[in-house]
Amino acid sequence: MTTIPKIRYSRRSMLKAGGAAVAAAALPAPMVWGQAIKDVTLRQFGTGVSNLNEVAAKVKEDLGFTLEMTALDSDSVTQRAATQPDSFDIADIEYWICKKVWPTGNLQAMDTSKIDNYDKIVGTFRSGKLTPESVIAQGTAPHTVGFTSGANGTDFVAEESGWMTLIPTIYNADTLGIRPDLIGRPISKWSELLNPEFAGKASILDISSIGIMDMSMVVESMGEYKYPDKGNMTKEEIDMTLGIFTEAKKAGQFRAFWKSFSESVELMASGEVVIQSMWSPAITAVRSQGIPCVYQPLEEGYRSWGGGIGLSASLSGIELDAAYEYINWYLSGWVGGFLMRQGYYSAVPETSKNFMSEDEWGFWFEGKEAKGDITNPFGDVMEKAGAVRDGGSFFDRMGAVACWNAVMDENQYMVRKWNEFIAA
Amino acid sequence: MEPRPRSFYVLAAFFTLFLLFLYGPTLTIAVLSFQGPSGGLTFPMKGVSLHWFSDLFEQQAVGDIWGSFSRSSVLGLMVMATTVIVSVMGGLAFRKRFAGSGVIFYLIITSLVIPSILISLGVGLIWSQSGLTVHWSTSGLGAQLTWTLPFGLLIMFAVFNRFDQSYEEAARDLGASPWQTVRFVVLPIIAPSLIGVALFGFTLSYDEFARTLLTSGSQNTLPLEIFGMTTNVTSPVIYALGTLTTIFSFLVIGAFLLVVWLMDRRRKAQGSDAGKGMV
Amino acid sequence: MERVHRRLKAALLVALRSCCTGAPFLTSDQTMTSSGIIHTPSKPSARALSRHSVGWLLASPLAVVLAIFLVAPIVMIVMVSFWGATEFSIYPAFQFDNYAFLFSSDVTYRVFFNTFKYAAITWLFTLLIGFTVAYFLAFHIRTFKWQIALFLVCTIPFWTSNIIRMISWIPFLGRNGLANSALMSWGVIDEPLEWLLFSDFSVILAFVHLYTLFMVVPIFNTMMRIDKSLIEAAADAGASGWQTLWHVIIPLTKPGIMIGTIFVVTLVMGDFITVRFMSGSQSANVGRMIQNDIGLLQYPSAAATAVILLITVLLVIAILLRFVDIRKEL
């Protein structure tokens, strides 16, 4: 089975939905507007990763109002958030996109006192530290663009100000995907991406803000250069990084570049590519076709990303209340469980736990061996009993984040150089 | 009949290869769309089923196929109607030279040759800078017209180039007003060509991608949806959709051909041979 | 030999004249002015508006559409190409930065070269294939009904989704695709051919596949109008098949070829999606450069590239139009 999810509940998830009703009833939901809120329609857009119709269906069921979902690629997402503020009510965007879009004033700050589970949001999105001992990774770490100075702020502030730009919803630690059957030996370093052994069988993604970070991981791993701050390169560093990759491209290292989720799946599944930058659900999509594919943990750590929900500046009145209700619902666990069972992490893991079986929680979050078959929310078997998640537990994985997807000060320069790299 | 020269067979073989080249990929995906439920995007086939077609009719994880299909159909009809009307008027206008007709003619040519992405970008910029909201039925419609109108007009020019004006003279001599002449003489004669214009208008719009890209707003038309699916979807459902849209296109063409044939028959029955224009 | 030559020349003259005046396609009471617009002797009419007003009245919807959706966007793009951009917004300015960057980067020249390369190679193949197909249909198929039927068979794929037609090549050409498996099972090759997919080859293949029809249609159209007696005359005069083809048919088909060329060249030069899909994002043409900039919100720089592309395309078309008067050839 592949990843076309459609509404098709396994018996187990039906049982769980029963549990969900209990959990939802236990949550105090503000029902000020009563019946009228049922007529509200909120327009949400974002990438296909989390903009799933099933979430909209569940919103209708649990909250009563309508959520219209539009799924776009990340370029279009940025574009719409920045240039068409009237075309959406809720923006489901990544933190690095937020760094670009927030200063436009198209989004409004969110009052954390209205967020029920604010205190339970993982530290990464608040103080920046997953655990008090954690070192903050380079790049656009979510907490650096997560707060603003006040209700009308268009700036970013370092501390938890009570006004959030995005409510974190989904995140993960990314690494290289490999085809172990076609490589036939262990892979442990980012530098393998440019290993001539894989000439014509490697790929990298063509989204500059993400791709440049993968590149920097590779460059450091090769021992070519140690960046003072990968997340904020100088022009020289950008030239050097892209120079190394341009050379590799001309030498025929890459089979293709991919720009979308499905392209990465096809490249890997068809065997065109054996090692490439990849996203976690793409790995599961390849695996569910019966093709071996591993999300290889690497010595140098992960490149991480996070997404969140932002509210359009034009939202007010009952729509705004509905939006807050939606956010509280989002963090209350059902969506978290839904996303975590696809390999992502939820911003409030402890609420999601109520919506996952013990075995699922053990496998996806704690890195334990699966006791039974692990299925995704759509009923497809992802892993057989006995499997262990690549990279281990939540804290193993999110604790080994080396950098975040980033928007640099020299972003415009980087983008131009990136285009040259693609055209070279 | 004289025997076929040898060149005939060589060329016939070439033509067959050409058809194979033309239809090969379409047939490939048509076959792949019948993949078994566990099949992937490539060969080998893992069983044969209608699974992916039935999947099309259920809600997808992301996107809205049928919504975009109905939008594209409505937009196609809007573009078709506008193209027919504007092309006929334009065609009539260009039968005589008028001040500025040369400029408009070259604008039509420009409209035909301008890279589609420029229209998309320019219209998108105008709309965003003037604070309007792009929507497929306004900015999208206009952007598509810049592509369908040149086709419609060129067909109309061709039609009027061959138009026998003695019919109009006869009408005028019998005291018909200019409007009556157009309504009762010219239009019926050029009607078959209008079917052609309509067919172009609809299908060019139905398949238009680049000009709609930045001008359709928050709701996708079908080609944009298909493009979106190529980025999100990793199952043969996209082939099933491709096969269905191809069949739909065939049906549309078939319907148009049927209309042409019916009109032709009626005309023959009435014994007139006027207006044998190209379609 | 001398006589053959003279007769051929005569046939050619007739052909050329008919081609220049469009004579066979006009009824006897019409005339053609040098501009190619058909004039009928105008009849005096008491309530006649001036022909200018009538013309403008009839052309006004057309003019409005063209003004709003063609002229204004072009003006807008030219304006914005002088603007500045930040990460997330654009602001009015009058600066040459975008052009300066464009012209200072050697990638620009490479990308334009690439665009021309794709256009030229695609043109060559579509012309050869399109001409042969049209020739077969027009001169080797004997009944009109079959001509139209086969012609329609050729045109049907044109009405279906381009994106679908494009991506359907991918399972065919891949490393483990149909083409490679077939070639390997026939023993033609031992290793899969890597260059079948994600290469210039696959890009051009897709272009030829998508756009050959734009060559077939106009060439077929002009060929159908060639007076068959000209060919008989040439044959009577002792011309070989090749001589007829070279001295009679090709010169008479030139307008169709030109129109087809205009279509193919502009479609290829303006493309951005075929190159992305079929090259696996590995090579770029101007359209992709523009689209990348758009995706990254760098509208002014996209606009500057667009202006240069537009100028290039219009120049190419202007040159092509010197060889053909479109209005006459319809």
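The letters A, B and C name the chains in turn, as written, and every chain counts its residues from 1.
Please note the rule applied: contacts are C-beta pairs under 8 Å (C-beta built on N, C-alpha and C of every residue); 3 or more make two chains touch, one makes a residue touch a chain.
What you see is a predicted model; the values in this text were computed from it and never measured.
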Longest centre-to-centre distance from chain B, chain (CA-based): A
Interface ranked first by C-beta contact pairs: B-C
Averaged-CA centre spacing for the pair chain C and chain B, given as whole angstrom: 17
Chain A-chain C separation of Cα centroids, rounded to whole Å: 44
Mean-CA-position distance for chain B and chain A (Å): 40
Two or more partner chains touched - positions in chain B: 41-42, 230
Of all residues in chain C, the ones touching two or more other chains: 174, 176-177, 294
Numbers and ranges of chain A residues touching at least 2 other chains: 83, 259, 266, 270
Chain C contact footprint on chain A (complex, rising order): 75-76, 78-79, 82-83, 100-101, 103-104, 200, 203, 206, 208, 249, 254-259, 266-267, 270-272, 407, 411-412, 415-416, 419-420, 422-424
Partner chain A, residues of chain C touching it in the complex: 85, 87-89, 101, 105, 107, 110-111, 114, 170, 174-177, 194, 197-198, 276, 279-284, 288-289, 292-298, 301
Residues of chain B that touch chain C when the two form their complex: 1, 4-5, 7-8, 11-12, 14-15, 18-19, 21-26, 28-29, 32, 41-43, 85-86, 89-90, 92-102, 104-105, 107-119, 121-123, 125-126, 129, 142-143, 145-146, 149, 153-154, 157-158, 160-162, 164-166, 169, 172, 203, 207, 209-210, 214, 222-223, 226-227, 230, 238-239, 241-242, 245-246, 249-250, 252-253, 257, 278
Residues of chain C that touch chain B when the two form their complex: 22, 25-27, 29-30, 33, 35, 37-40, 42-43, 51-52, 54-59, 61-63, 65-66, 68-74, 76-77, 80, 129, 132-133, 135-137, 140, 142, 150, 152-154, 156-157, 159-165, 167-169, 171-172, 174, 176-178, 181, 209, 212, 221, 241, 262, 266, 269-273, 277, 287, 290-291, 294, 299, 302-303, 306, 309-310, 313-314, 317, 321, 326-327, 330
Residue numbers on chain B that touch chain A, as the complex places them: 37-38, 40-42, 55, 58-63, 128, 133-134, 217-220, 228, 230-235, 237
